[in-house]
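Structures given as structure tokens follow.
Consider the two complexes below, in which chain A is the common component and chain B and chain C are the respective partners.
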Partner chain A sequence: MSDDVKTAVKEFILSEFLPGEDPAELTDSTPLISGGILDSIATLKVVLFIEEQFNVTFEAHEVDRENFDSIENIARLVGTKRPQDHDQARSSA
Partner chain B sequence: MDFALSEEQKLLRANVVRFAREALSPGAAERDRDQAFSRELWKKCAEIGIQGLPVPEEHGGSGFDPLSCAIALEALGYGCKDGGLVFSLCAHLLSCVVPLWKHGSEAQKKRYLRGLCDGTLVGVHAMTEPGSGSDAFALRTRAEPDGEGFRINGTKTFISNGPVADLVIVFAMTDPQKGYHGGVTAFLVERGTPGFSAGAKFEKMGLRSSPIGELVFDGVRVPREAVLGGVGAGSAIFTDSMDWERVCLFASHVGAMERLLETAVAYARTRTQFGQAIGKFQAVSHRLADMKVQLEAARLLVYRAAWRLEHARNASLDASIAKLFVSESLVQSALGAVQVHGGYGFMTEYEVERALRDAVGSTLYSGTSEMQRNIIARWLGL
Partner chain C sequence: MTRHAALHEPFAAAARRWPERTAVVEPGHGEIAYGELDALSDRLRDRLRALGVAPGDRVGIYARKSIDAVAAILGILKAGAAYVPVDPGAPPSRNAYILNNCAVKAAVVESRFEPRLRTEIEALGVAPAFVAIGEAGAGEGLRRALDAAQAARPVPATDTVVPAPDALAYILYTSGSTGKPKGVMLSHENGASFVDWCSDVFAPSEGDRFSSHAPFHFDLSILDIHVALKHGATLVLVGEEIGKDPERLAALVAEERISIWYSAPSILALLAQYGKLARHDYSALRTVLFAGEVFPIRHLRSLCAQLPRPRYFNLYGPTETNVCTFYEVPAPIPEDRTTPVPIGKSCSHLRCKVVDPEGREVRRGEEGELCVAGRGVMQGYWALPEQTARGFLVDAAGERWYKTGDIVTEQPDGNYTYLGRRDRMVKRRGYRVELGEIESALYRHPAIKEAAVVAVPDEEAGIRITAFLSCREAKHPSLIEMKRFCTEHLPLYMVPDRFAWHDTLPKTSTDKTDYQRLKELA
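Presenting the complex of A and B:
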């Protein structure tokens, strides 16, 4: 359900912040903030990318280390904001 | 983007310029000399709506869009020769009123915004600490959970309006493990809260009618309702408020640049040496031409960034570009104005020396020029 988010965020991070990196090195659970891949401006760029790409809006307090420390966590947060993800989660439950 | 002023904006600009010239400029030299902050002028500014420019009318403001706010503050900087007063007004509006309006709960807005807009309250934003300036989020002020609320301990320094503050937005670390990303929280603290006090007041080179000093938080207990925008939202609130400040405070500096240019041109047209007006010498006229180019470029950058504050998802890059260019142009313009005035420019009577002293801080506050270049480089992916 959130694979499209994961793929898009992964591609964005690879192209913006990890040019030349082996894509296999960036997994869904790679630490992004605590691992030093995203600093404050890089995180803001990821936020803007997701907001524009998936038509969601993040609240100020949501942009924290917990929610943005991995692609997995980002996708989970986006999932809570997209109605279709909610619906799919309910029907597969 | 169309930056032709609307009829409403033209009227706003004309009214602010007239008010600033008539009500705020007289006595500026004395207030600078005495480091005097004027509550009386503060109230007068509130009467024409400066302190609540973007705030919705229901909360006591005027409801102007960011571009109109920038135009009004540009007019204030143009008409008002008291740079310290303009700075205090902008600090109050852009780093306290705006974040409260944008991130506050309805209860917080109802409690504070009207007083902040009508001149009853002076607002303050407290981030900088003795050990954290450019590295703003290396802050040591802590807020620990305490019953239903928090207890704040720490000292803030270089706080504009600090000595006269009625309401403070103070940034404190609530989760050191998270740090910048969700570990910083903004709190609203009222004057009179036990443990909160204004510490040392500093003397400074310019903007001397704007008081600046330390704020001490010694076990200050605040209820959970004092949290602004949610626990952990401090960094986002700070970044947002910096965007507004880097655009609209620097709009006032564009106004100051225009006033300096007009002053210098008028002097160059009337001061004669070697049998002709000094403005006829290219060494002088080219300097003034450069000041004109910088003024027009600065204005466009500020207007574009102000427009993007409302129309773009994020204006951080535009704000940094505008802040960097305007501040460095302002310093050059002020130096140019002094140089064109020659020895007279060095005398306090001609007022350009005060403008130069006022200008110097602009490349330091709201993030130094070096930090703006760092930010711009990071946006470039460097």
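Presenting the complex of A and C:
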């Protein structure tokens, strides 16, 4: 269910912070903060991007080194913000 | 105003006068009163003396910013030693290099850093004594470590050392162009003369609440810690995680009722853009100080408009002199100003002059290098006599002028305006970055054949660092691999933004790397 998040975040990071990189090099588990890809300002940009794209809000304490250190972790965090709203939206449509 | 010879003397006086007042707050962890902080740092002094630390020695601090680290600074000074704070976020190999370079007799180390540090430093053939503290926070880590040490091996109380004015008080390591960090040696007189100048200009009182945003290995911390503790004020430690998060930081400044704020401009620019300042009450904030890099006028103007009440000061100076010129930002900033505000006029404990490449003073209005003399100017670089000699201009009267490397002009009103650098040092988020140090790190990668690093201005980030590389192999390492490699060898603020691969790097007619050409490509 979080594949759309993973894809969008991956594309955003590639275009913003890794221009020219082979997309295959950036996996779901590539260390982003501890690997020097995202600094504090870059992390902030990722937060703003996700909040806008997926209509979620992060609490300040959630934006930490752990939650944002991989695409996997980011998707997991976003997943906790969007509980089953997919299915409900579909059935009511 | 009383003049103090030793950096830690005013704190001791404040502790006697205001033992119950809160000295340091560590939000989320705890706080400590002046009397308690005095007693805790006395105990560290005694332990260090028993470990063989003597006046004139150096003692390292390798811990996150905490009450424990503040107590360590005071305890080391009381033992007559110079403190050497290292960046807990920097690679352990770099920190081991620093502690070995200045031959620390002991180090106060958080346990989580201890195994790596011990391995790295023993590989260098030395074994300083460690005061290991379980986990820094609220002073409890240090207190428990001292309790345990005292139970195992009691040591007697000693007297606080009253050092000579020219005795070293602290060594701050900055980026070195030769690839290794270099230690700037500051004496008690250097530190105390700066602190006294701050007292005169900012008139702090025991009612003030100072921010401590900069890390302790950064010279902005000298003002935060030593000015606050001189006046019986409260120092509010801002943790590294919160420090870079504008929304949390904005809330913290309001909740903690900070009255004197000091940080690099990049943090204030983030607050102005993303801090949602209108949500909070900043009525306690009376003074905003910034230093370390140029503040883009657009962001400064936005900040002053959102928070019109405090007075704003641009402080300027390299680690070698600490603040040497200052400028109060006019309110409001004139609309026709499109360039950054001036760096201002010389502080009263120092003198400044502008010289040409031959060291002759230029006429007012002409460009030249800013040189600084007086009580705040460093002793030199640790164990680097040649670099020290090159750093100074000695005039006919025998006076030593520190050559800042910064090109300035003096305006008709006497304010200096910063124009740029004469060498390859740049400022990023307030930190000094020698591009040569980045190149040295890149050359350690086995695949790298050539490395050249340039910095160009960037509207948003202030500066953009690009590494131009050529490779020994057909397939060059990925961008992700290069970033990961850099974080293992450099502090985060030195990792290049971009990496560009070329078959071979452009050369000048004399076969040197053509940096001008590379800047055009960056």
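By our rule, the second predicted complex is superposed on the first by the 84 of 93 C-alpha atoms of A that agree within 3 Å, B and C clash if a C-alpha of one lies under 4 Å from a C-alpha of the other, contacts with A are read in each partner's own complex, and residues count from 1 in each chain.
Here, a contact is a pair of C-beta atoms (placed from the backbone, for glycine too) under 8 Å apart; a residue touches a chain by one contact, two chains touch by 3 or more.
As the structure is a prediction and not an experimental result, all values here were calculated from the model.
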| item | value |
| --- | --- |
| Combined model on chain A where chain B meets chain C, clash or fit | clash |
| A:Gly35 touches, of chain B and chain C: first, second, both or neither? | second |
| First, second, both or neither for A:Glu52, with chain B first and chain C second | first |
| Contacts of A:Glu11 with chain B and chain C, given as first, second, both or neither | neither |
| First (chain B), second (chain C), both or neither touched by A:Glu25 | second |
| Partner chain(s) touched by A:Arg65 [first = chain B, second = chain C, both, neither] | both |
| Partner chain(s) touched by A:Leu44 [first = chain B, second = chain C, both, neither] | both |
| Contact residues common to both interfaces of chain A (with chain B and with chain C) | 39-41, 44, 60-61, 63-65 |
| Complex contacts: residues of chain A adjacent to chain B | 16-17, 33, 39-45, 48, 51-52, 59-61, 63-69 |
| In the complex with chain C, residue positions of chain A that touch it | 18-22, 25-26, 30-31, 34-37, 39-41, 44, 60-61, 63-65 |
| Footprint of chain A on chain C - complex, ascending | 241, 244-248, 251, 270, 274, 461, 478-481, 483-484, 486-487, 492-493, 495, 498 |
| Residues on chain B engaged by chain A in the complex (per definition of touch) | 103, 137, 177-183, 229-233, 235-237, 239-240, 313-314, 316, 375, 378-379, 381 |
